[in-house]
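Before anything else, here is the set of structures, which you'll find just below.
The following pair of complexes shares a single chain, chain A, combined with chain B in the former and chain C in the latter.
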Partner chain A sequence: MEKFGFTISKGRQIDYESNNRRIAEYIFENEPSFRLCFECGGCSATCTTANFTGFSLRELNILIKRGENDQVRSTLKKCMLCGKCTLVCPRGVNTRNIVVLAKQAFQKSDEYEI
Partner chain B sequence: MILEGKKAIWNDYQKEIADDKYYYVRSCVRQNFFPGSETAFLKIMREELKKDVYEHPCHTTCTGIGYHGDIVPVETTMTVVARQFAIMTEAGYENLLPSCITSFGLYTEILDTWHHFPEVEEKVRRQLRKATGREFRKPKNLAHASDVIYKFRKEIASKAKYKLVNKNTGEPLKVVDHIGCHYAKMFPSKGIGGAEYPYVLAGMVEEWGGNVIDYPERRHCCGFGFRQYLVQANRGFSVACSKEKFESMKPFKPDMIITNCPGCPMFLDRWQYVINEMEGKRYGQNEEGIPVFTYEEVAGLVLGYDPWELGLQMHQTDCEPVLDKIGIDYSPEDKYNLKIIPSYSESRSLINV
Partner chain C sequence: MKFDPFIIPFNIGLYFILIYVVSRSVIWFRDLSRPDKLRLQRGFFGIAFGLSLKEIFMESLIHRKIFKTNIRLGYMHMSLAFGWFLLILFGTIEADIFSAKHLNAPYKAIFFRFFNPDHGRMGFEAAYGFLMDLILAFILSGLLVAVLKRFYSKIVGMKKTTRLKMSDRIALTSLWLIFPSRLLAESFTCGAYGTGSFLTGSLGAWFATFLPAQQMAYPFWWLYSISLGTFFVLLPITRYMHIPTELFLIFMRNSGIKTGDKTGTYSEVQTYSCSSCGICIDACQLNFSAGITNIQSAYLMKAIRNNDDVSEIADNCLMCGRCDQKCPVGIELSPIRMIQRRAGEAENDFRNIYKGYFRSRQPIISEKAIGSSNYSFLHETDPEKADILYFAGCMTHLTPTIKNSMIKILDASGVKYNFIDEQGGVCCGRPLMLAGQDKEARELINYNSQMIWKSGAHTLITSCPICYKVFKESYYLDVEVLHHTQFIKMLIDEGSVKLNFLRNKVVYHSPCDLGRGSGVYDEPKEVLNHVSRLQKSNFEDGNSLCCGGSLANMKISSQKKKKIALEAAIELTKDNPDILATACPLCKKTFSAVTETRVADISEIVAEALIEKPVKKNNISNVKSIRELANI
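Entry: the complex of A and B
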């Protein structure tokens, strides 16, 4: 392959055939403050885990809202639930609860409850 | 379906295009990308259609690339455009005819801004007076060069030597029309057919014998978007847009693509090479690329101009498959031999010849 200095970016359109918003809807229902998140990244900046594992709550929020759940499931385990992110959120989102609810939602989804 | 209603809606998306006495402004980039196109346009307008098309050597860039790349502030852009209007006024013309889609979009945007904010126009007039001592009148008619070719498509068809028809099968060629985003997506009422059903290129293709194909990503941008390609590392976004279109049009087996923007033919043409180098994919038939043309080149081919005089050798994706399908008489040996073309070998001024 020729070296062009760039590669072909992957399309980022939301495909409703493959993206699944069930997890996002469960969280919206049980933690309405999730809707207030405007992806500033304050949570990721203060995250202790992020320093060691590359975990990003901001990225996680976007992926949940887009319905790209496969990536969410694998990264959720990295969160220690310390709650530092809740202290810095400028919109007062209960970010820790989002992680807890996401774990719950996956469990319920596996058991066909949602 | 109530046809009268449809016709009434369609009438809202027609535009007035001047008949004669055009003030032609060239594009900054087309001269480098496909240098034969503007020359062919002038030849068609002056020699075939006998129209008065004037161009001025003092015309400069409209700064559209800088404006959309967030480099040039809008007031500077407006003052530069005001200077173009002033030169047109001094030359005694009123019908502005830009060759570039972005220039067309920018002129439309500026005239609309001045319509809604007359104080901005007054400020720009003041700035131009202070900087150059010039005054200007706003153009009476603003039409893109493709609008004018669309207007005279029947005249061109009546003089045509070839049709967009496969000479072996007798079937119309399957043509993808690609309209530049700045043509009608910003101001739908300023384009023929609006933003959703722009008819400017489809009208030409149908008149000249081809068949326009409708595919899912027909209105998708080619990816030219100035900031996307200015930074090398970001060009992946640009090529991804073109790839999206190619993937979508491939099942319809297009014979060729026709465009009316400076950037679209360049990128749809060059990115086919890049995608082939990176991923080994080709989108045309028989493991070839899909030839990409400007509307002037297609008009020139239909009128029987020499392909190499039209500058088709500047295309990275070979255009010979289409020439063969139409049955155009050309000499493969002369592809890169410009000496055989009299208009190139003669030393003469290209302005207002």
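Entry: the complex of A and C
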């Protein structure tokens, strides 16, 4: 059969039933300002790491909140914690702590603590 | 009278604490690293020993540094420490001179009046009795202040006093009971025998008029002995362990031992040397501006001693170093806090009384690593060769006026330099270190080091005190690291730049990492003096405030940060200066948000004052553009 280069795109629906929201809940509990984020993307615009590679804290925030953690785990390690995002955040979200807490949460979920 | 059963509690306590202190110091010595052992040995036979003796007298007995901070608090500490020391010293001498034989057991001196009730009727004996009464009165006056302070801390000019745990309370009560019970016991004995000086004598004579002094004395001698015994036995598990430990601390410090970055004997000795005097609590801006009252260094030390989980306390701190400066014992509080940040979460240690006395040896906590780090996206670069590098730093890129001013100054000075992170560089690594992630930080440090090394520079100028501190301390580079204020000072001294006098009234805010953190106080002020009218604030040099924007605190909310910044800005702008000058992009950013006064970095002020003169244009940019042309 002739191949025309078309593929079936992956399903894009967000399945909250199967997604893992524990990471998000751990962060909500320990850093309530995570709820204030309205995903403006200021953090991504100023990011030191984003200058070198594709890294968007805004995207990670959205993914964590949705519970789609697979991609977040490895990407999160690229953060240098320099703190520029915290300074530009118009909502006063403690973004640095969110990154640190997310790292902790992944480690804890590996050890079945959360 | 040779012996009486009431001395048994005292003797048990005394010999217990003596044996305990000796065995504890043997353990501490054994746990020292080999170089530190050598330092200690060298110190013992060197000048450090004499220095330590002097310091022990000035600090552990007289409490000179507490006096400097607060006279009433100093008097309280001095009367108890120095007074008790004198009482023991002169008590021993008294027992030695006036007893039948020399070299008595310690209890003979402590309970001298009980065993020699007829002593002190006339002549030299009476004069000596007067001295002993004077010392006792001295201690009691301090004790009165201590009791009042516990219930109403403002009496000694302290806003807050430390909270205590149960064993501390019992020890405190027994400490409070020691001297009044001695007074009463001696008074009753003196009343019964008609001896004693102005205090014990007159009090005893008065008691004897309406009380059976002979019978009343004995229970108070028991109380005196029991309270001494209880105090000694509880000493190792309470804050009073600082009494013997501080002597070791002073000696170790004078021998040149440093905290380092791992737990060990020295950090443990330091935690035990904290007397919870509470001076750090009053110094802490989180306390007086943000109302966070449970994380101050005194509580950190207490939590470490109690094997509590300290991660919450350790992380919630601006690391401004104000407490380090004020600590009368000279404990290196920030390095100890950093060690705790690096440590992973504490294991829930099974705690009991036994553990309090015999701590399990603190494990040398390895660096906590949350997974493996991943900065493989950073590619090696080939920077231009240059003698002088300018590293702006992340924060400076957020405040472009500082960056542009620095470029203007560098261009005007005519030096050949390379702006190494013009297109945005890699973080210096200190923010990761402050979050306790040293391993990740090391990766960034290696990357930056390589870049600096490749450029072949001999001077590195940075605009950010955070970068400055880490370049100085944690990079192993053969370059001279300068903060831009130091560099500008150098340019002014050399005459490479000519500056106008601006006539602005300026107040200088010393950034924590530059001032207390790295000891650069004078250069920024000299530069400001050169171009403007520098005003004095109430918070100069070591006492300067933190802007609250510090990257060190991960836990604090943005509202509380703002509150700290606001109060600091109000304090600094009290004399209505035209400009609130600082030397840190982060301080500038934080202050700009909360004050009407213009906030400017020193480089901006200098750039304004710059007399433009025709200088040969920096040729690096030319080279660059030619290369770019060639590439096209």
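Methods note: the second predicted complex is superposed on the first by the 100 of 114 C-alpha atoms of A that agree within 3 Å, B and C clash if a C-alpha of one lies under 4 Å from a C-alpha of the other, contacts with A are read in each partner's own complex, and residues count from 1 in each chain.
As a convention for this text, a residue touches a chain if its C-beta (ideal position, glycine included) is under 8 Å from a C-beta of that chain, and two chains touch if they have at least 3 such contacts.
Only a predicted model underlies this, so the values are computations on that prediction, with no experimental measurement involved.
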In the superposed arrangement, which partner chain does A:F106 touch: chain B (first), chain C (second), both, or neither? second
For A:S18, decide between first (touching chain B), second (touching chain C), both and neither. neither
Looking only at chain A, is it chain B or chain C that touches more of its residues? C
Just checking: does A:F6 make contact with chain B only, chain C only, both, or neither of them? Give me first, second, both or neither. first
Doubly contacted chain A residues - partners chain C and chain B: none
Parts of chain A lying in touch with chain C, wherever the complex brings them together: 33, 46, 48-49, 51-53, 73-74, 77-78, 80-84, 86-89, 92-94, 96-97, 100, 103-104, 106-107
So in the complex, which bits of chain A are touching chain B? 1-2, 4-11
For a test of understanding, state which residues of chain C touch chain A in their complex under the given definition. 370-375, 377-378, 394-395, 397-398, 423-427, 429, 431-432, 435, 437, 440, 444, 549, 551, 554-559, 586, 589
Tell me, which parts of chain B touch chain A in their complex? 232-237, 239-240, 243-244, 274-275, 277-279
